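Below, subunit A partners subunit B and then partners subunit C, in two separate complexes.
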Partner chain A sequence: MTLHTEYYNELRLLKSTPAKVWFGLLLLVLLVIPTALEGYLLNLLTLAAIHVIIAIGLNLLTGYTGQISLGHAGFIGIGAYTSALLMLKLHLPFALALLAAGGVAGVFGFLVGLPALRLTGPYLAIATLGFGIAVGQILVKWESLSGGSLGIHPPKPSIGPLVFTSETHFYFLSISTMLLMTIGAANLIKSKIGRAFVAIRESEVAALAMGVNLTLYKTLAFAVSAFYAGIGGSLMGHLIGYISPDAFNLLVSIYFLSMIVIGGLASILGSILGSILLTALPYFLSGIKNLPMVIYGASLILIIIFEPYGLTGHWMKLRLYWRMWPF
Partner chain B sequence: MLTQLIVSGLATGCLYALVALGLVIVYKASNVLNFAQGDMAMVSTFVTFTLLETLHIPFFWAVLLAIVGAFLLGALFEICLLRPVKHPTPLGLIIITVGAQQILYGVAGWIWGYDTKAFPSLLSDLKIYRFGALVISEVNLWILIASVLLMLALLLFFRYTRLGIAIRAMSQNLITAKLMGVSAHWTLSLTWGIASVLGAVAGILIAPITFLDPNMMLNPLLKAFAAATLGGMNSFAGAVVGGGSLGILENLVGGYLTPELKESVAFLIIILVLCVRPSGLLGRHYKHRV
Partner chain C sequence: MNEDGWPLLQVEDLSLQFGGVVALKGVSFSIERGTITSIIGPNGAGKTTIFNCISRLYRPDRGRIVFKGQDLLTFRPHQVAAHGIARTFQNPELFSRMTTLENLLLGRHCHMKIGLLGAAASSPSAVREELRHREPVERIIAFLELQSARDQLVAALPYGTRKLVELGRALALEPELLLLDEPSAGMNAEEKQDLKLWIQNIRDELGITTCLVEHDMSVVMEISDTVLVLSNGETIAVGPPEEIQTNAEVLAAYLGKEDASTGPINVA
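Then we have the complex of A and B:
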């Protein structure tokens, strides 16, 4: 156990020198990876980075604030379409479109958060489920804007003179965005806002009694989570180069929910581990056609039954074991 | 025109009501939103299909066997997946049902493939009966008859049998029911079995219309969620009323406004009901103890 003598110590993200060294090493590895990997594997890593962004956003909502969302695909879709349409129709620069994608998704998150103020548990699950499906249906019907079920092709992004065309470019774009968003989330959790989120999860009534503004923080949780999903969706659209309403169905929402449950609820490390595992899994299981689904399902069930804290729970136990060794 | 739309809407609504009843029974008994309800029904329908096509068992016996199988599937679901959970949280339980849904879907795709198949039913969509000005197809007629009979049977079961009363007691207050000598484990498994049977019947009735593929129950399940929300998640009567009115409303919107809106009615209803009256038409408002 680490003992803190100052409040500042508790707030710091990298608490010890080894942590700093490990983080530096991680950055270095991320920097050299494109020289070692290429093609499909590099793309997979880029996709994993984007999934990490969305999973962290969902974990802020579901893990930290305790509000289930089965409609995250809706936010991802809104982000992807906003950024693609802004670049195609209004010829906005990519950086602005990316931020706008997060912003518009965030506004929708706020709107979904409003009815969520009155709903808990299964009712919230149904409400968000309805939202996610409604977004898909509207995108199909509103052909003049979204191109209907045929979908659209988001253009290649560029920032100033830098045009992102190759896989390596996309890799650095996604990894740097992911790092920024992860650090942002880690800071948010340690702030007053993050503590309010956790208080709401533990007991709404107790949080209210302690002066936490439920309306503000619940809608904020939805808005922040949707912002993350919007950014992730925008990057995903530009990476794949083609989006259609089918790509944002209920299965996608469930997929991201599985990531944070397998990785560990209310944990940033968990979101990262879960996203990497679930993104890589199809690659290793691609031999048998129906196996990935069965394995997803089985791992969700087994983790809830045997390891409710997910991969992070296991990691924590392991770390504690070695720290206490040989006792 | 109006009565025609209402009657055919009611037939669809009965199917929604059957699936919704399955959801509500399970929700009341174990506080779980069962996302696997649709795919449990899908698997049972595929089992019926295999019994009919491959093993050439007569229709009646095939359906009966499939219903027994559906009951076992539901009961096993509860015994194998929900009972081992030590500290159930609402989110954890929902995720377990989602996981089971993925497994059932994957296995069904593995065994029966993803291509659409015709269901060899005795009932046809083309043969029609006339009652005065009213025209009703054979499938719809049987859907109405079968679901009304099933709902009546359920009503009698819950009102007059010891087991039915035990289930109701358990969903009202688990601890008191246990103290009164209700075996919570077996009653819960039984509840899941009944819910699965309801879904299976809906699946077998809907199969001649929608054809068979692993996705066939997704849409009915989503509509059943809407129906259960409309009627109230914790009311049996609510599920029936919600299902029936959703079916009628969909048909009226499709008939009088635009067919395009028909599919979106259910989700508009979800959002409206949850905003205005979250407990649904007949549900009781939930309260939390601190």
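Then we have the complex of A and C:
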């Protein structure tokens, strides 16, 4: 059955031997990085890994399913607060709190997805924007639970006897979660479910005619995307050690949208590149206040106009060029 | 209701009005298993509207549609496919930024059962299911000679090929009833010739019942078992193609005044 093995190869994530070698090298580099980097730079990398998780989730919704969300900060906030409060008030173990952060955010994603069934384009943008703002307001007002605008301090996480106290611990926690969730998303995209997501983006009426339950898959896309945001929010809260409602404002939602637009919509690699770039940018531009935000805005506009495939478009061209070389 | 004694599809007294425009006025017909039925009629006659009622995109004001003895108007739109009805659209509705293969795989959507976690983990059963459903899709790609388009984005394909991809996607569903809205539109003579053969093969080899809306009379007259003529939302004639070709009322509706006296519809 040569055909059969051929299909099987198409289904695998790492198709060629060079791809496997590169992935192995990447893992090795990720493993030794903490011996070379420390302090601020290592934390920046940890943060980038967390951003990758959130960006991939947002790309599943916006890039693949074609549903815009201007309220992702709301899901991130829900994740951060759920995880912190479950540990502080109910003394739940971190692993459970982390999963619950994703789960609770996912349920909110499902609920936000319901009106999305009737809304498209700018109307959906406004509805999700409203959700994001509402989350911030509720967190400020519901002081007895959330600590109000003063914020709360998520505790240091631990799994079993392992307590994540050092920067290196956090680095490995975030990187391994990121790898796991990246692989999950890549698998999902190649499955029946990912195809249904893209089908909805391309033609709702054709998707319907093929038997795709629009209600189910649109709300599922919102729920999965919010799950990713919730996990990212939880990790972010525990990493920084302090969360407050204004850490989850509209700018945060736009920040993540810029990542996937600059990196490349409907692309896992694009989500990764965009996250790393935008996380690193403030480090190199730390001298000038507000400059990073101006740069996100400007690059967003430029990319939408000139480079609809984002950074990954360049990567593809480069790869093609490489393969064709020296012709 | 029971499937026994019913034709594959029965449409009774179907009526639908858009504001002041009467799209369908008491249309009734039935489609027997294993046949090819063509719906013809001038522009705006209501042909596409019938398909849209069967797909549950439009809700008729009056009337009944019975599919395999079941009341089709109780299905939700996404359930129509799972009950065994596939369709194409007058203006191809494809997943443009997906490859031909991926478009056809969407046809397998309602046959695949994998859940969210299995899919995210790419579990052995998920992989097995995916592999199992590739086989019918590859068969259809070979059947419609789409091998060279297999891995190309549909947006990059010529119009005639895109229409075939849409046909292939509908076939991948393995439907019992296939609805084709103007399948030959925009095709050249050679492509039309292939299309006629394929539609007949779909009936004879795959055993799929087909209903097509078609403007090209050579296609209609050569392959149809039954022809339904629609004009201004009303059925004006039903019968085998030979009969329709000489029906005076059809000639009047179809050709207008000037040509009605010159004889049978031109089957050029």
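Some notes on this structure:
Keep in mind that, in the parts below, the second predicted complex is superposed on the first by the 320 of 327 C-alpha atoms of A that agree within 3 Å, B and C clash if a C-alpha of one lies under 4 Å from a C-alpha of the other, contacts with A are read in each partner's own complex, and residues count from 1 in each chain.
As a convention for this text, contacts are C-beta pairs under 8 Å (C-beta built on N, C-alpha and C of every residue); 3 or more make two chains touch, one makes a residue touch a chain.
Because the structure is predicted, anything quoted here is derived from the model rather than measured.
In the superposition on chain A, A:V224 makes contact with subunit C only, not with subunit B. When both complexes are overlaid on chain A, the residue A:F131 reaches subunit B alone and has no touch with subunit C. Using the contact criterion defined above for the overlaid structures, shared-chain residue A:T62 touches subunit B, although it does not reach subunit C.
Of the two partner chains placed by the overlay, only subunit C lies in contact with A:V212; subunit B stays clear of it. Contacts of A:G297 after superposition on the shared chain: subunit B is touched, whereas subunit C is not. For subunit A, the partner that touches more of its residues is B, with subunit B and subunit C as the two candidates.
Of the two partner chains placed around the shared chain by superposition, subunit B is the only one that A:L119 touches, whereas subunit C remains out of contact.
Contact with neither subunit B nor subunit C is seen for A:G39 once the two complexes are overlaid on the shared chain.
In the superposition on chain A, contact of A:S203 is made with both subunit B and subunit C.
Residue contacts after overlaying the shared chain place A:K141 against subunit B, while subunit C stays out of touching range. With the contact threshold set out at the top, residues 203, 205-206 of subunit A are in contact with subunit B in one structure and with subunit C in the other.
Of all the residues in subunit A, the ones that touch subunit B in their complex are 62, 66, 68, 115, 118-123, 125-127, 129-131, 133-134, 137, 141, 203, 205-206, 250, 254, 257-258, 261, 265, 289-294, 296-301, 304-305, 308. Residues 27, 31, 33, 81, 84-87, 89-96, 98-107, 109-110, 218, 222, 225-226, 229, 233, 260, 263-264, 266-268, 270-271, 274-275, 278, 286, 288, 290 of subunit B are the ones touching subunit A in the complex.
Considering their complex, residues 3-4, 7-8, 11, 13, 184-185, 187-188, 190-196, 198-199, 202-203, 205-214, 220, 224, 266 of subunit A touch subunit C. Residues 55, 57, 77-82, 86-87, 89, 93-98, 102, 105-110, 112, 114, 116, 119-122, 126-127, 130-131, 134, 138, 169, 173 of subunit C are the ones that touch subunit A when the two sit in their complex.
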